[in-house]
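Letters A, B, C and D mark the chains as written, and numbering starts fresh at 1 in each.
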Amino acid sequence: MSAIGATVWAIAEGYIPGHSTGDGPALESHETACLLNTGDTPAQVRITLYFKDRAPAGPYRVAVKPRRTLHLRFNDLKDPEPVPRDTDYASVIESDVPIVVQHTRLDSRQPALALLSTVAFPAAP
Amino acid sequence: MSAIGATVWAIAEGYIPGHSTGDGPALESHETACLLNTGDTPAQVRITLYFKDRAPAGPYRVAVKPRRTLHLRFNDLKDPEPVPRDTDYASVIESDVPIVVQHTRLDSRQPALALLSTVAFPAAP
Amino acid sequence: MSAIGATVWAIAEGYIPGHSTGDGPALESHETACLLNTGDTPAQVRITLYFKDRAPAGPYRVAVKPRRTLHLRFNDLKDPEPVPRDTDYASVIESDVPIVVQHTRLDSRQPALALLSTVAFPAAP
Amino acid sequence: MSAIGATVWAIAEGYIPGHSTGDGPALESHETACLLNTGDTPAQVRITLYFKDRAPAGPYRVAVKPRRTLHLRFNDLKDPEPVPRDTDYASVIESDVPIVVQHTRLDSRQPALALLSTVAFPAAP
């Protein structure tokens, strides 16, 4: 099918808890931007992070292959700089082709994980 | 009332945890696409699953009767192939008449369940 | 301010867990439709419930006063019939003036509650 | 980049649990409105709270600097009055420039926190 979604998405919530109680990466506290590219061409994606009291970070660049999904952990972003833990942030995700973006957090600070998720806000067609 | 909603929906998040701590199917870790057909004719629904590093799976076909809701567990999809556990995926849901779609996960890997839910992204009227 | 929102909303997810581990009504497993009426006139609201394999129930009727919010528990609906527990359902909420609707579940079946929430789907201006 | 989002947002759900089991402010039960201002000018924000059976409270006033995010805890609102605990409320958030708003609750009443989050409802461009 053709590429569906939007080319600019915003996630106003962002917070990676600094510790975890689970075992292994699956249960580590993390935040994810789930990116879906249903189209026939690769999606070139730029992510910018916003903070409370410092200049934005980025752009971080990732690609999503045609007809694939990439569940990108903010924990794994390294270039140009890692995402600070226990720190409020927000993100804007821009793509050269339409994609769909959903935001999820797994929080395992206490010995029973918690989850949140929402479709991100589509800010431009 | 008439059929409300949209004919194409996307859920960029998808992940069925591979184990559970609860008893019985109600507390088994699962993901659901809740489909609501308020109209007077059956909704013929096609679901396509997207992955990180393999070709899409599907289409899976289900029908939602007029004036009924179907809470479809991705865990139960079998044809043309089951949904792999502990694996990132995404989904696109297409219907021949407007429906409403909401995405929910129950995660009972740790001994206290967690929930997430969001209205899916409506991609075409 | 004037009335903001939409006059038809849909919530495709719906499920009231049949038991609870918390004490008192605050921690009882429940589902809520949060209704916000920012306008200057009362909102006359009709709720219809949809099921998997029986005819819809309702309409249930509630009013939301001007400049007030009503967090309506589906658990408390009685007329024309109570909402069955441990049963999949969905809902459509119609108002004679624009309102805003958000859907929340608190699940305390296991000894640590879980929450989900999403803005409902606005189906008509 | 330019300012993205909307100038009026509504959050129909609102409830600050009156107690907590975690240690420190991070794990205290709280509700947050995450505000993202991607534009080049400060956002002057007015928040009005709605209740079930009393007149609205506010406006509360906050500013979000250019290219910054502010994760505003409803718990911290003091002027013109604090937000009552264990009480249903809703909120409308108005800004003089477009912003993006996401709503989150952390509930730690039981000894394992729960989370919910959703993008708020954009009510005016």
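The rule is short, and it goes like this: a contact is a pair of C-beta atoms (placed from the backbone, for glycine too) under 8 Å apart; a residue touches a chain by one contact, two chains touch by 3 or more.
Because the structure is predicted, anything quoted here is derived from the model rather than measured.
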Q. If contact pairs are compared by residue number, which of B-D, A-C or A-B agrees with B-C in over half of them?
A. A-B
(Q) Counting residue numbers used by both copies over all numbers at the interface, does the subunit A-subunit D contact come out same (over half shared) or different (under half)? (A) different
(Q) Fitting on CA atoms only, what is the rotation between the copies subunit C and subunit D? Please report it in degrees, nearest 5. (A) 90
**Q.** Computed distance of Cα centres, subunit D from subunit A, in Å
**A.** 21
**Q.** Centroid spacing, where centroids are CA-atom means, of subunit A and subunit C in whole angstrom
**A.** 30
Q: Name the residues of subunit A that each touch 2 or more other chains.
A: 111-112, 114-119
Q. Where on subunit A is subunit D touching in the complex?
A. 8, 10-15, 48, 50-53, 55-56, 86, 88-90, 92, 103, 105, 107, 109-112, 114-121, 123-124
Q. What residues on subunit A touch subunit C, complex-wise?
A. 112, 114, 118
**Q.** Residues on subunit C engaged by subunit D in the complex (per definition of touch)
**A.** 1, 4-5, 22, 26-27, 32, 34-36, 38, 67-71, 100-102, 104, 106, 108, 111-119, 122
